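In what follows, chain A forms one complex with chain B and a second complex with chain C.
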Partner chain A sequence: MPSTRDSGERMPVTGAPPPGSCLLEVEGLGVQFQTPSGIVRAVDGVGFCVYSGRTLAIVGESGSGKTVTVLSLLGLIPRPSGRIVGGRALFREADLLTLRSEEIRSIRGREIAMIFQDPLTALNPVQKVGSQIIEMIRAHERVSRRAARARAIELLRLVGIPSPEQRVYGYPHEFSGGMRQRVMIAMALSLQPSILIADEPSTALDVTVQAQILELLARLQDEFGMGMILITHDLGVVARVAHEILVMYAGRMVERGSPDELFFAPRHPYTWGLLGSVPRLDRRSGERLVSIPGMPPSLLHVPPGCPFHPRCGFRFEGCDRERPDLEWRGEHEDACFLTLEQKEAGERQVLGARGR
Partner chain B sequence: MVPVVFGAIVFIYIAMYIIPGDPVQSLVGERPVTEEFRRAIIDRYGLDDPLPTRIAKYVGNLIHFDFGESALSRRQVWDIIKETFPNTARLAVAGTFFLILLGIGSGMISAVRRYSRLDTGVTLATIVLVSTPVFVLGLLLQIFVALKLKDVLGLPITGLDQGLKSYILPGFTLASVSMAYISRLQRTTLLETLESDYVRTARAKGLPERRVIFNHAWRNALIPVVTYLGLDIGTVLGGAILTETVFNINGVGRALAIAISTRDNQVVLGISVFVVVIYLVVNLLVDLLYAVLDPRIRYT
Partner chain C sequence: MTSESLVDVRDLVKYFAVTRGIIVRRNVGWIKAVDGVSFTIKEGETLGLVGETGCGKSTTARLLMRLLDPTSGTIRFAGQDVGARRGSQLRPLRRQVQIIFQDPFASLDPRMTVGEIIGEAMRIHRLAAGDAVHGRVQEIMERVGLNPDRHDRYPHEFSGGQRQRVGVARALAVQPRFIICDEPVSALDVSIQAQVLNLLKDLQKEFGLTYLFIAHDLSVVRQVCDRVAVMYLGKIVEVAARDDLYALPMHPYTQALLSAVPIPDPEKERSRKRIVLQGDVPSPLNPPPACRFHTRCWKAQQICREVEPPLEAHSPAGPDHPAACHFAEAAQVV
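Coming up: the complex of A and B.
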């Protein structure tokens, strides 16, 4: 296990991703699930880069393959029903997708740590929170229990848990939801991973607590210089903390760009729909939100061609036959056959009325 | 606990009382009974007192550990219990050992290796065990294991007087039905916790798989199993009657069976009350164990 860490090179918080310093490079990832009713193509051709000190946000509806994408990177998709059918994920010159179980185990938690959506169920209810942190430290490093406990206390202090010397002996049910998520974060940071994956870290929490958790994550990322993958369906969250946004639909990538690009010049009809359905405080009351017609497709029967075409108000001949790939189309990357002029007009039509 | 014991006493007493038949006649068998003898017996046992008075007297005596005496052997019931209970207790310990070792063990294996041949084998074995009555299984084991393999294994056919190995067959027989249920329950609960979020967290932490299964999945999957074990003590005690009879073990179960068949009411009553108390004590212990397993439970 290489001991060098990239935390030294701090990235500026804004601006385009620095080229060529990918910590984790994912290409053409495909994941399928074998179910009684057929093969579910949960993830198809997803690729991205995670840079140190920067946050990649993966946005999409439920069932769009966001979580499966990151779980497959750590070898955590349920087996034997789940299967990785293609692609690679390079991390420190090793392909995470082909590592043996013992090798991927030493990367999990130590190099790539993960925070889950629901802190109420993600902690073991019958084990003291301190023990849960300690056992993680001791699974990867040869340290004494006493030293590991001291580190656990420091970590709890770092994430803002009051009187950590006592709380380290507490059980999860003695913590509130927000505090439990802080414990999860402390645990994820305990080995100073180079990448932190946060799977909807604030979704299950109160709105006020959500903001605290996101701020905490941003502060810790600054402090440790971690690369971060933030999975969310909440565009409000994304706007504040992401450096790059990847929009997924039906297991495929549909648009990618900086927050500015995606919020002020979105180029994919699905992204327009997502943005149109977000309520805004600065608009008159009584204004209607725009919703996306129809339902997300069943991944058992992904529509041919562009998977979004049955719900797309701008589809034309060919959308149902040929599949658009995510590629550079003038301004940033998207997966839509419309011309740039059509896209600008379409965006005005859907979102323009909202007078951004 | 006290009201439960009292309720049980009243219930058993009434049950004994309403059994048809003449208690005096059943004492002497088919022979004719003289009027003086009948009078003497009725006075001796207070048989013509009203039911509430008799129950009150009985409970009053119990408080002084006076369980009455056997009408047949004239022995104190408490002495019979003192003589037979240690055997039953040892048998129960042997049974619990098999229950935990084989029941929980096989359940864990079939959950972790779900849909493997091993899992199918365990499922088949549990179905066979559940559907075989205790006395049939005991007899079959006596014939095919103790008798046919006598020279290979050297297990005794009956009794408990040959050291640890004499506990193997009766212990297994006693545990059989519960073992099968425990195995199925452990399989289900472990499969459930293996899918849970905290097990996924444990894996994402990079813990070794063994630790994930034992410390995270199994620790949580054990809680419902322990609950069931506590409730199941009654089945085990009931099974002891059959097991002790089949294996000719001088335990409370067999003593109770003999007393029932000879209408020795004081013995039936005494042993039943004793078993009720044991059942309650074991349940209390299980409840306390439960609090150790699950820190969310607090007794105030």
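Coming up: the complex of A and C.
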């Protein structure tokens, strides 16, 4: 099992599924977009499990398909340009990818909620934040406005907004960035979803505020036993909160494993490059950082074979023809043709100097 | 200050007036963006300026460029008073001081080719003319890792990382001595960020450049800077040589800032003790009196609300590592 966080034992509320049970199972997900310049293969063969009380981090650079992956689970892919071309996503015995839009609407928000990177564009600027939370509650449940308002105030208190009785009547522009993100979190939690998807929840925030938001999310996860998908490009945030990590590149999965495996025994050359590229707070990575040459490919022209081979220092015959696949079950997995011995040697060669 | 310092900033202050009314504009307050900042940068050195949104780091950069006029204080560049110059007298200075902006999408003119963008300043400063410009542009493009054959392309045809290289090339084109890098990599993906950081480092070595490196990311700052100054609400609260700051932060704000930065190492993250500050950074319009950090500080006492702490050395840190706190003490947080 993935390692546990230092924040102590988890105490799921009654009724919540036991920690570690699989809430959502995604397999072979494929999403394509039709554009004037051709077909964009945004997501290709992605699979994972979301466990209750655990955080799955999806890591990758811009254009790696992390956001499209989760949007497709919620039926939020723009149509008709976007198309789900394969796979299934089992949630409570229903396949999210084939549900009709009314059916997915009853799951979205209530069962699977999402918070976005930029809380200013995700909130309605001309509506009081309280009304937005109340609207969300009343769209899914038959409760009076008064009861919904009381719940909104309670939620704002839960996410750490001072004097929520007054702030519930405030407009989004009267809140700071961190406070707005708290409002988004309150809204996402209003129906006690079993899965929370957080798309770069702290990227737009200052670092001291980011620490507050990450702390808050961890506390709420402990309290409600939610399964969480965290999308981020920040490997530091991943190391802090994730139980399991999925690394994506050009719409494909390249490596999957626990934080300890991914950070201390990474097997895919792209993961080595990513780890070497990140400047670290606790030490200098010598005069120069390890960097990956070139840039991520356009999804219109994903290289044949392994999509990373044009930038890979370890490619050999066949990498440009055959595509390595990744088993999505089991422990530590990676999509690379190198042998395990070659991977161990390669990791030492790229990241050797950094030590542990 | 010592004669070897290239940039010498003393008591720099910039207040922006907050006005109300359309016909009769009344001044209703001041935003104290930069409020008494002093620092020096030696030739060939990189000084990091870090802080959160609204701490005044970008305003400081614009003051150094003379894109803004300071309310008070002096800026000396290579011994000359920058503030005393007007109009065309500023031109020789502008050649020697260049800036690289954060957003490579907004800082390049979309209607000029990359070659024109890089060559424009050379023509203005008469560093090259006619066909010579073309040759120099291609040389510089090659040096920053761009394909010189693409000089007649427009910025939108380049990726974010390549555009930032264009920004670097434009700054380099006039052979400056001092480059202000204002969040040069924060809009880039990690693998591209590493390429640009390495490039900046190589260019510094090759041309003996001096950098002021402005960033909010303390990990990036550790990688590239020799000394680091931490700003909070318009004031410098701590300055130290790079490794001293990270190993022995003295100011509570520096400690909180460092402890908030996640480290890409799950083992360290599990065992680290974390200082989580309450609340947000107060507004620079009416900043808290005396020590500006007292509203969020866990060490705050009566004196912090009444007496502003000077930026001075506290043991065990040496004289080159001052902190502005009444209760400064070393703590290990990284």
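Note that the second predicted complex is superposed on the first by the 329 of 356 C-alpha atoms of A that agree within 3 Å, B and C clash if a C-alpha of one lies under 4 Å from a C-alpha of the other, contacts with A are read in each partner's own complex, and residues count from 1 in each chain.
Throughout what follows, a residue touches a chain if its C-beta (ideal position, glycine included) is under 8 Å from a C-beta of that chain, and two chains touch if they have at least 3 such contacts.
Keep in mind the model is a prediction, meaning the values are calculated, not measured.
A.B. asks: Following superposition onto chain A, is the placement of chain B relative to chain C best described as a clash or a fit?
C.D. replies: fit
A.B. asks: Applying the document's definition of touch, where does A:210 land relative to chain B and chain C: first, second, both, or neither?
C.D. replies: A:210 contacts chain C only, not chain B.
A.B. asks: Report for A:62: first if it touches chain B alone, second if chain C alone, otherwise both or neither.
C.D. replies: Touch status of A:62: second partner only.
A.B. asks: Go through the superposed model and pick first if A:273 touches only chain B, second if only chain C, both, or neither.
C.D. replies: It touches chain C, and chain B stays clear.
A.B. asks: Between chain B and chain C, whom does A:123 touch in the aligned arrangement: first, second, both, or neither?
C.D. replies: In the superposed model, A:123 contacts chain B only, not chain C.
A.B. asks: Between chain B and chain C, which makes contact with more of the residues in chain A?
C.D. replies: Between chain B and chain C, C touches the greater number of residues in chain A.
A.B. asks: Quick check for you: in the superposed arrangement, does A:37 touch first (chain B), second (chain C), both or neither?
C.D. replies: Neither: A:37 stays clear of chain B and chain C.
A.B. asks: Quick one: is A:178 in contact with chain B, with chain C, with both, or with neither? Answer first, second, both or neither.
C.D. replies: After superposing on A, A:178 lies in contact with chain C but is clear of chain B.
A.B. asks: Quick one: smallest Cα-Cα gap between chain B and chain C in the superposed arrangement, Å?
C.D. replies: 9 Å.
A.B. asks: Which residues of chain A touch chain B in their complex?
C.D. replies: 74, 76, 78, 101, 105-110, 113-114, 116, 118, 121-128, 135-136, 139-140, 171, 173, 184, 187
A.B. asks: If we count contacts the way the header does, which residues on chain A are in touch with chain C in the complex?
C.D. replies: 3, 5-6, 61-62, 176-179, 206-212, 214-215, 233-240, 242, 259-260, 263-264, 273-282, 284-285, 287-293, 295-296, 356
A.B. asks: Spell out the part of chain C that touches chain A in their complex, as residue ranges.
C.D. replies: Within the complex, chain C contacts chain A at residues 52-53, 159, 161, 189-195, 197-198, 201, 216-220, 222-224, 242, 246, 256-271, 274, 276-277, 280-281, 334.
A.B. asks: With touch defined as at the start, can you tell me which chain B residues reach chain A in the complex?
C.D. replies: Within the complex, chain B touches chain A at residues 195-198, 200-209, 211, 215-216, 219-220, 223, 293-296.
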